[in-house]
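Dropping the structures in below, format is structure tokens.
In what follows, subunit A forms one complex with subunit B and a second complex with subunit C.
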Partner chain A sequence: MEVLTPRSLDEALSVKAERPDARPIAGGTDLLVELNFDRARPETLLNLNEVPELRGWSRENGTLRLGSGLTYAEAMRAPLAELVPALAEASRTVGSPQIRTRGTLGGNLGTASPAGDALPPLLVEGAQVELGSLRGVRSLPLSEFLVGPKRNALEPDELVLAVRLLPSAQPQTFMKVGPRNAMVIAVCSLALVADRERGELRAAYGSSGPVVGLVTAPLEERDHFADTVAAAASPIDDVRGTAIYRRHALRVLAERAMERCLA
Partner chain B sequence: MRCGFWRNVPWSGVWHEDRGVKIRLTVNGEPREADVWAGESLLTTLRDTLELPGSKNACEQGECGSCSVLLDGALVCACLVLAAQADGHEVTTVEGLADREELHRVQRAFVEAGAVQCGFCTPGLVVATAALLEANPDPSDDEMREALSGNLCRCTGYAKIFDAVRLAARS
Partner chain C sequence: MARLIRTEKEVEGRYEEVWTVVEEDALDQWPAGPLEVVGQPAQRQDGLQRARGEARYTADVRLPGMLHAAVLRSGVARADARAIDVLPALELPGVQAALSCEEVDFLDAEAGYPGAAVAAVAADTIEQARAGVEAIAVEWDESEPLLDPDEAIARGQLVSESSSYERGDLEAALAGADVVVEAEYRTQSVLHNSMETHQAVCHWEGDTLVVHISTQYIWGVRDELAEKLGLRPDDVRVVCEFMGGGFGAKNGAGDYSLIAAELSRRTGRPVRCALTRREENLAAGNRNATIQRLRAGARSDGTIVGLGGEFVNAVGWSGWLAGTDGPMQMLYGVDNVATMLRGAKLNSAPMAAFRAPGFVEGTFGLECLLDELGGKLGIDPLELRRRNHADADVLDGRPYSSKSLLECYRRAEPHWDRRHEVRARSDETWKHGVGLASQVWYGGGGPPSYAWVRVGSDGSMTVVTAMQDIGTGSRTAMAQIAAEELGVSLAQVRVELGDSARGPFASISAGSSTIPSMGPAVRSAAGDARRQILELAAQRWQKEQRTLSLKGGRIVCSDGGSWPLESLLGLLEDAQILGMGARGPNPTGMRVLTFGVQVAEVAVDVGTGEIRVGRIAAIHDVGRIINPLGARSQVEGGIIQALGHTLSEHRLLDPRTGTVLTQTLDAYKLPTIADVPEIVCEFVDEPDSHLTNLGAKGLGEPPIIPTAAAIANAIRDATGADVRSLPIDREEMLRALAALARAKERSGDRVAARPA
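So, the complex of A and B:
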């Protein structure tokens, strides 16, 4: 086993082209657990912490570009938090302060868990995932990037570079159900945007199907929307909760989220 | 010096030699070097190689906070940082808080408030509290709870710990 630490994006992409099996490591909050418990023994680790191009965020002609190395702690901070308020709310619910210092958006996308808390807020804002390799850069809608539970559309020579979205600037929120206020993998979660500009309600549910799912409806259908969201989800019974409970909780979350966003 | 790390790969029963990594970092203000296994956590390096056992190892999965340290000034779980990722960076452990014989005000407050029972969680809580007060000298009760939500204590029931945080904030 070895660790490679590239100092630029070009260098990182070259390593990934030569060693497609090299496992990227950003914050390490998912990967170190695998290493510590002998669940993963990659031949090569690709440390992304020293690649400046993956850090931080920027705004170009209104479009927001969130580097894959953006941490939850950074996403919670103004002025970014005001541009993507549901993402900021979701970030506040992730793990603990220690986890939020290190955990990144890129890592959440890499893991592609249906419980990933960054995913619903990004999905309701129509995020595109920017993937890079020596062959070039391509962009995929988040819904196409997430192809299954813990599976994504990354090719072996690619890295997640960033997430792009045009902030809707519409009322939005994120809610999560779990047994305590910290350190909780969502039993189920919901991000919602009440988009008056487009006359549309958009919701994305987490931990209630094989992937995070998007549900949209015209604003006039507000009265049925909570039922629509619950019906669209396909939850299962597992250690964290039952399918029946999850569907019920989604209905309650959608109702509360609409109350918040349409007040 | 041999710089290989022999590891048993559990499912194969085969011993592999891994290439070691040399890291140079600043720990508690001093430049340090260590030869580490590529997959090793910063916590293991601190405890086993750098002889700083103050940071505790309980869960190795980010759940308990007993391994809390500052990495470039920010609170992290040392068990979730790859040692090689700390190369070139600054780490402060609980051993680095006191000024020689003079305890850090957070350490003093933990003693005075009786916030220590078995003491296993204490180093992590002390580091987390020091980080909190650095960023927010006068935290509300909610802010305290939030800031320490990644640190578990199995003994005290937390009441005395929050007393200690309040005491440290005032001192």
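So, the complex of A and C:
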């Protein structure tokens, strides 16, 4: 296996254009599991850890730009945690301290698993995904970027550069059900924003359908919203839980999230 | 003097009558309570070695020229391996030898479970060995697996003869009872998942087979391999210096050591055969699932008049009948008891002993049933247990060698009294409650076991015995016992163990028997060395020997004189004092058992079914405590392991194919530190005056036994729901709450609707 380590974004994009089969790796918290389980044998790894342009986060005219190399540990820290509190809450539920220190937002986006903890909080905040290649930069709404279970809209020569969002500054939360208190993949999860400014409830569910799904409704429909969320999901039975349980738990989480955000 | 006697031998609850040679146990017990070294908390002597990575486990053994073995295993639940061709493997680079079930009798072509071994390859690297395994050509003749235990019983597919037990007249007793409860309990299959997987490195030195193996029984491996390979026992040398856990799954030699031994014989090179984590979760043993259909009847005053149980152990392809029926027979003073225990032979991996096999499962059923009974009677659970306390052994009326269960109950009271305050924390979402459960288990150990103590002129004291320390800290406990007897500090004593060629026979580390079997032998050896030291001292200082003793590193005379021990030992030069000791017999006509009670505090989220265990108080009675720190570790470990099988661990099979769905620690949910509650640990610490020169019983297993029932009973206290199936995951919790809501609706008692 060959590991290519570009030192700049230009170099990274050139390598990706030349070697579209190269699998990007940042924290490796997903990819190394695939390697260990023998689910993947990429010939080439593209190590993005030395690309400074992908790191950290910035703010321009109120819009946040979260680099794809932003780690969960970084997302948990103020002031970012105060700007996107649901993302900070979700980040705290990821793996163990070691995994939170290594794992990145870009990894969640690249893997595009419906269980990706960062995805529901980004979805309820209307995040756009910034994709780059030698051909240029394009931007897609997260809901369009996620096209199926573990499938996304990346072209072979593209890399995820960043996520952009305008923080709603509205009450929001993230909740997750797992089979134990730490180091779990979600049985189901939910992010919710009670957006009084727009008079809207937005919820996104994880691990309850082929992709992370967004459900919106006017604030007046609060009483039915938990049912709406549960009905919108399309969960399955698997090792972690049953479809019936997931739908039930989503309803409970949605109800509690609204209590918390509308209090 | 050695005597040949006929005696009962017990391991993991299985008794057999055997001839055995025993030595007199001449030493009087020490006075109760903490002594100079014994009874004082001692850090592990090998703690730093372990923390620094210097301790050599079997997993660290890398011998010059060593080959690696990989094993071909069945991928399905039931298949016959036909026409195995290993030649393609032998043509691959690095592959040095291959064997299959067609040529060795320790592998079986009838692969009755997923992961059954049928062939193996040895190569220069593990990757080459795995490639070799891939290359082996096999025709698999698959057939429909049998996976349902009840169906297996109905079809007469049993692993062994069923076991029935009866005393009194159960049916008459239940007919005359004021209250009868009946319920079905289920426990799941769980996996040991020791940190160190099952493994062995074998090589031949002439005609001697040297086996490095992660084992709980050095001498058992020696005998088993000698028998299976047609060798004299002393032509097998077994080494295990450090071990990364076993929990009952490493009591035998295992096919991996036979594979390594045979491949080593063929290649003339050392061969390592180590299971991967996946293989560990497929084919290295498990705690079998059980179904328990139980009945209990009581008079309105709380006297339990009858207990009945139909038990099914889902044993798997092979194994033995662990005593799921044991707690029902032994825990309470009930006159009328009838049990039937059957073992279903299934196309799933064979069970192996797992920390109190049978009793963990059976205590869950019995102790939950008892609380359901108490609920109907309106009697406090602690009081109900007191009223039915067994004052003498209920199996045959023998006296207990010692029993302080009532004292455990007394000490449980302050923890039990917290329930009012705990319940009051409940709100709409979180319901809080407290539950308790009792425990009975074996743990008396037995002969034979031997130890030597060597005292040199430099004042060093070395305990030599070919026992294993399976990770419990036995090494340190043995050093404490020797130091106490020799009147020296713990730092002056070292323990050499772990090699059948370099020490006398030592017993198995299973059935909570290491301390009660080995401890008295070590004390006896140290006592022999002490006697010899005092003999020399009497000559050196012209005193009567009976006036001399060893204390604080000095030879002390009752006339007030004392001399540093070095002043005598220094005279030895190259001479040594060699003490020999043996484990004496168990008390005849007495039942040696361990007891305890645990009190659990839980909170249940009635919306999501999440369960949080906040606190567990454990009070156990295991005779004298040698090392309070080590004992506490055993209690914490037992409770944490129990939390796993109570709340999250489950070996999940595909219900149609029998494929194991939880082969990695990603899918198989062990508890994390975030799941661990506050653990309060107390010991009665009263020596068993009838048991050996120590009065100490074993503690490895007791703490894991009552935890599941205590948690389930706390859940009932919190919510009113009966959880009768392990693990109590969120779905199970919600099912129990829904069943409660339905029952209340039926009885007309309107309550707020529970989630479906």
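Operating definition for what follows: the second predicted complex is superposed on the first by the 262 of 263 C-alpha atoms of A that agree within 3 Å, B and C clash if a C-alpha of one lies under 4 Å from a C-alpha of the other, contacts with A are read in each partner's own complex, and residues count from 1 in each chain.
In this text, a residue touches a chain if its C-beta (ideal position, glycine included) is under 8 Å from a C-beta of that chain, and two chains touch if they have at least 3 such contacts.
Note that the coordinates shown come from a computational prediction; the quantities given were computed from them, not determined experimentally.
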item: Subunit B versus subunit C as contact partner of A:253, first or second or both or neither; value: second
item: Contacts of A:166 with subunit B and subunit C, given as first, second, both or neither; value: neither
item: First, second, both or neither for A:98, with subunit B first and subunit C second; value: first
item: Partner chain(s) touched by A:134 [first = subunit B, second = subunit C, both, neither]; value: neither
item: Partner chain in contact with A:32 - subunit B first, subunit C second, else both or neither; value: first
item: Residue contacts with subunit A in the superposition, subunit B compared against subunit C; value: B
item: Subunit B versus subunit C as contact partner of A:182, first or second or both or neither; value: both
item: Partner chain in contact with A:239 - subunit B first, subunit C second, else both or neither; value: second
item: First (subunit B), second (subunit C), both or neither touched by A:1; value: first
item: Interface residues of subunit A shared between complexes with subunit B and subunit C; value: 33, 37, 96, 181-183
item: Subunit C residues touching subunit A - in the complex, by the definition given at the top; value: 429, 607-610, 612, 647-648, 652, 661-662, 664, 666-667, 669, 671-675, 729-731, 734, 755-756
item: Subunit B contact footprint on subunit A (complex, rising order); value: 1-3, 5, 25, 27-29, 32-33, 35-38, 41, 45, 47, 49-50, 73, 95-99, 101-102, 181-183
item: Residues of subunit A that touch subunit C when the two form their complex; value: 33, 37, 96, 177, 179-185, 187, 239, 241-242, 245, 248-249, 252-253, 255-256
item: Sites on subunit B touched by subunit A in the complex; value: 7, 9-10, 16, 18-19, 21, 37-39, 41, 60-63, 65, 68, 71, 74-77, 79-82, 84-85, 87-88, 128, 131, 146-147, 149-151
